[in-house]
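Lettered A, B, C and D in written order, each chain numbered from 1.
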Amino acid sequence: MFNKDEMIKIFDELLIQSKKYYDDFNEADGKIGDGDLGITIQNGFQEIVNNKDNFTDDLGYNFMLCSQAFVKKSGSSFGTIVAFCLMNISKILKGKKFLKHEDIIEIFEICLKTIKERGKTNLGDKTILDTLDLILNEIKETKNEIKYSQIFKTSTKEALEKFKGKKILIGRARMFEDKTKDFDDPGMFALSKLVESF
Amino acid sequence: MFNKDEMIKIFDELLIQSKKYYDDFNEADGKIGDGDLGITIQNGFQEIVNNKDNFTDDLGYNFMLCSQAFVKKSGSSFGTIVAFCLMNISKILKGKKFLKHEDIIEIFEICLKTIKERGKTNLGDKTILDTLDLILNEIKETKNEIKYSQIFKTSTKEALEKFKGKKILIGRARMFEDKTKDFDDPGMFALSKLVESF
Amino acid sequence: MKKIINEPSNFVRESIQGLVVSHPDIYSFAEDNENVITRATKASNKVGIVTGGGSGHLPVFTGYIGEGMLDACAIGSVFASPSVNQIASAIRNGDNGNGVLCIMGNYGGDVMNFEMACEIVAEEGIKTKKLIIADDIASASYEDRLKRRGIAGMIYIFKIAGSLAESGKSIDEVFDLTSLANENIRTLGVALSPCILPEAGKPTFEITEDEIEIGMGIHGEPGIKREKLRKADPLVDDLCVRLLKDIKLQPEEKVSIMINSLGSTPLEELYIISKRVNENLSKLKIKIIKSHVGRYATSMEMAGMSITILKLTEDLEKNLLSNSKCPFWTN
Amino acid sequence: MKKIINEPSNFVRESIQGLVVSHPDIYSFAEDNENVITRATKASNKVGIVTGGGSGHLPVFTGYIGEGMLDACAIGSVFASPSVNQIASAIRNGDNGNGVLCIMGNYGGDVMNFEMACEIVAEEGIKTKKLIIADDIASASYEDRLKRRGIAGMIYIFKIAGSLAESGKSIDEVFDLTSLANENIRTLGVALSPCILPEAGKPTFEITEDEIEIGMGIHGEPGIKREKLRKADPLVDDLCVRLLKDIKLQPEEKVSIMINSLGSTPLEELYIISKRVNENLSKLKIKIIKSHVGRYATSMEMAGMSITILKLTEDLEKNLLSNSKCPFWTN
């Protein structure tokens, strides 16, 4: 059950993963961009973890703290998008102490909406939007007992596979369209590594 | 007998020596100064040698060309002093086709005078002035048949020995008096090497 | 890492404090946000000109605050966008009651954050317009030029927008002529060495001792091609050909050029470059009205340079040459 | 050697040509000597202000020609003195019939060549006075201060001499007040990396990745001590203590400071340094009237910086703040 304690555990995990893959994320980003994705992700999660003592039972409040952490410490595109998402998540979870299946679906839906709106992103642009979309579909389609962590792991990998050989059409990489066919989108790559330990 | 051809031979030799000791001169200068003495000396001699086809039988004229070469290509203190000396030598040798013993004495005397005047240098400051002074004395005192090249070699070394442990009081080194006790004056050092092949 | 700094985490803060304390007649901290700098003396009535962006590019962005230039600036971490809150504060501080023109480089975080900040201040009644600078021809084709990165050309935009605003133009007028300037600017650069981010402590990218990268971005983003270091003239000729193909100048047209060092490339080299640019343009009978040679948009101590061409109209020329008061701009 | 240059032997010539062609309203080649730069528009009547020195230090020396600054400058090879002929030409070009103040750094070749050039032009009826700049406290003790090297402090001298001359003062008046300025200036610097001479193609000196040398000269001459790289604040405190001991300021005294990059040290770091200098002087109740932060006297791409303090009198302040027109000086 996803509550305050579970939330803290997950961000602790994410911080560990972001440290582990710090150089890989930077390197993946460096191939087509400015090479700061590892910094961006680690700084954001570090600041969240630094503030975990302020978490309350109200998950909405906690997500607001998370959003502020990303705003404060993580100014690159990825951090900005994540911050927007976390803020909008915090709005829909206001007052909630734990998450139900529908909440999780709503979280992904609000993330998709936020990224499309704020990032001017379309499905198929080869960004984290496509990964999140795949996860959401998987969650929705699963009929038996749901193993979220399993879905996260397989869908993030599947998304990477699906876009191999396709151009990245947004973010810094958009400027180097043809070149980008040969590379994974760094954000999508990062998501696939971050969920590994779930 | 020192005439045009001999003069060319000597500058050819000096250029060879200055190339051979290029790094050593720079290094000696770098310990207490800006490390350009090798550049200064080589550039000057190179430019003289480049112009040797313009030499005439008139040694005074030739020394004027030499002075201009140093003016053009060799702007550090050493080069400036040498240029002043060469210019004043050219004045006293005007019209002469070869040098006699008295001319050689006069050359050194005019150099000493020039350096004292232009460089505001005193004997004992541990500079090339002291080396030249020693050479001049040696030349004057020698009663038997004179071997200039022998005198150049021994006197330039003797000068170095004589000033070991003494402070350099002029040139860039003047600013680091105490430190300079442990080093040869780079100009004096250079003279001792340049005459090696005579 | 050979930098004269204190704690890397204080790098941005301390350098901005230094900027303000060194030029108290020009810059001032905003009262409501410690990452926002405003003019020391607030303007009145004129359209506000506001920008914001990552640190590590001084004089960009903050340095260009001053009379006839910017009103306020939001300051991000090194190479990272300022936040929505910071930008909103900069807009509020830069507003003099006549609307604010927001100028930003074409980088994801900056564009998204400015957009959101504009929405927020709109609810408070502040009218804004946004201008996205996209001058770097290495970063997208002519057809896709709206996607291009913003680099040194932005200084021309600051200057022209600032001059227009100072002369009492309305926000729409300021926006329109500045937009024209934006379309008339092309930049292309070359990087020779990386810089070191204070917090990361290691170089932003790797490049060998005899390589250069044409079109590399100011954060080390890829360029057009990596090649062996060449002599200045053929290198400049190559860059000029690409620039001129993109900007399509006619004989007798007037331009201003900017030869910008990314940091450690010295003035001597910039002038060797400027000489060659001049020769190339003269051959085509293009008239250089004004050359700017120096460090205008940097990546700390990165080695490299960029060449910017601004095609002038009569209006643009007038506003480019107008008076302004800023430590990093000589009129 | 990662430089954007053509033939190393053309380095000086091309960079100066670039300077002139980039700023034709400010600089011009002398007609009688290709290594002399003059103002684009000759002044009339005023005392001439002339300098000269080695190349590789831009904006020093040539860059500071302009209204309210220098009249003419003789240009030597990289780090080497201009010749007697060049200097004599600069003096002739700089003369407006009222005598010429010659300003030079305290380097053997420069001093000797200026002296001889002054003797030559004296025979042609040009009155000259010579001012030897000696601001670097690392290079000799207080007692021996006339032996000191001239470094960044010379820009203050250019500015003040230039302002005095422009205001119509006689050569003796210009000389006297500028001499006072010269006595009121102290500089101390630190070098972090060498630069590369174009012709030599290798670094001017060697220093390890974690070392700095306090007081190293702008040509790589030895300083006071070599030590481990420290944080900015303790380093600046150390330099300030030495400077203040030498210049002996009283509370309430007014100064101007200059935080100068030797080349690649970026503005961000200079402002971190400026902040600390400011704090140190404020503690002693010393008033900073004006801060200059940037690249004023460089050694091409050398890393490092110097701190200069100019103690102001009422006259000096007035002349420091007066108007001038030069691409490397903002009033």
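By definition in this document, a residue touches a chain if its C-beta (ideal position, glycine included) is under 8 Å from a C-beta of that chain, and two chains touch if they have at least 3 such contacts.
In this text the structure is predicted, and so the values were computed from the model without any measurement.
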Exercise. Quick one: which chains contact subunit A and subunit D both?
Worked result: C
Problem set entry | Minimum number of chain-to-chain contact steps, subunit A to subunit B | 3
Problem set entry | Chain at maximum distance from subunit D, centres defined as averaged CA atoms | A
Seminar exercise, completed: Whole-angstrom distance, CA centroid of subunit B to CA centroid of subunit D, is 31
Seminar exercise, completed: Between subunit B and subunit C, the Cα-mean centres are separated in Å by 55
For this session: Report the inter-chain centroid distance for subunit C and subunit D in whole angstrom, where each centroid is the mean of the CA atoms.
Result: 29
For this session: Hunt down the residues of subunit D that sit against at least two other chains at once, touch-wise.
Result: none
Seminar exercise, completed: Each of the following residues of subunit A touches two or more other chains, namely none
Exercise. All pairs of touching chains?
Worked result: A-C, B-D, C-D
Problem set entry | Residue ranges of subunit D touching subunit B (in the complex, touch as defined) | 54, 76-77, 79-85, 107-109, 112-113, 115-116, 139-140, 144, 147-149, 197, 199-200, 204-205, 217, 219-222
For this session: State the interface residues of subunit C toward subunit D in the complex, per the touch definition above.
Result: 2-7, 11-12, 14-19, 21-23, 55-56, 58-59, 63, 190, 192-193, 209-210, 212, 229, 231-233, 235, 259, 263-276, 278, 291, 293-295, 298, 300-301, 303, 305, 326-330
For this session: Would you pull the subunit B residues touching subunit D in the complex into a rising list?
Result: 30-36, 39-40, 71-77, 79-81, 83-84, 118-119, 171-172, 174-176, 179
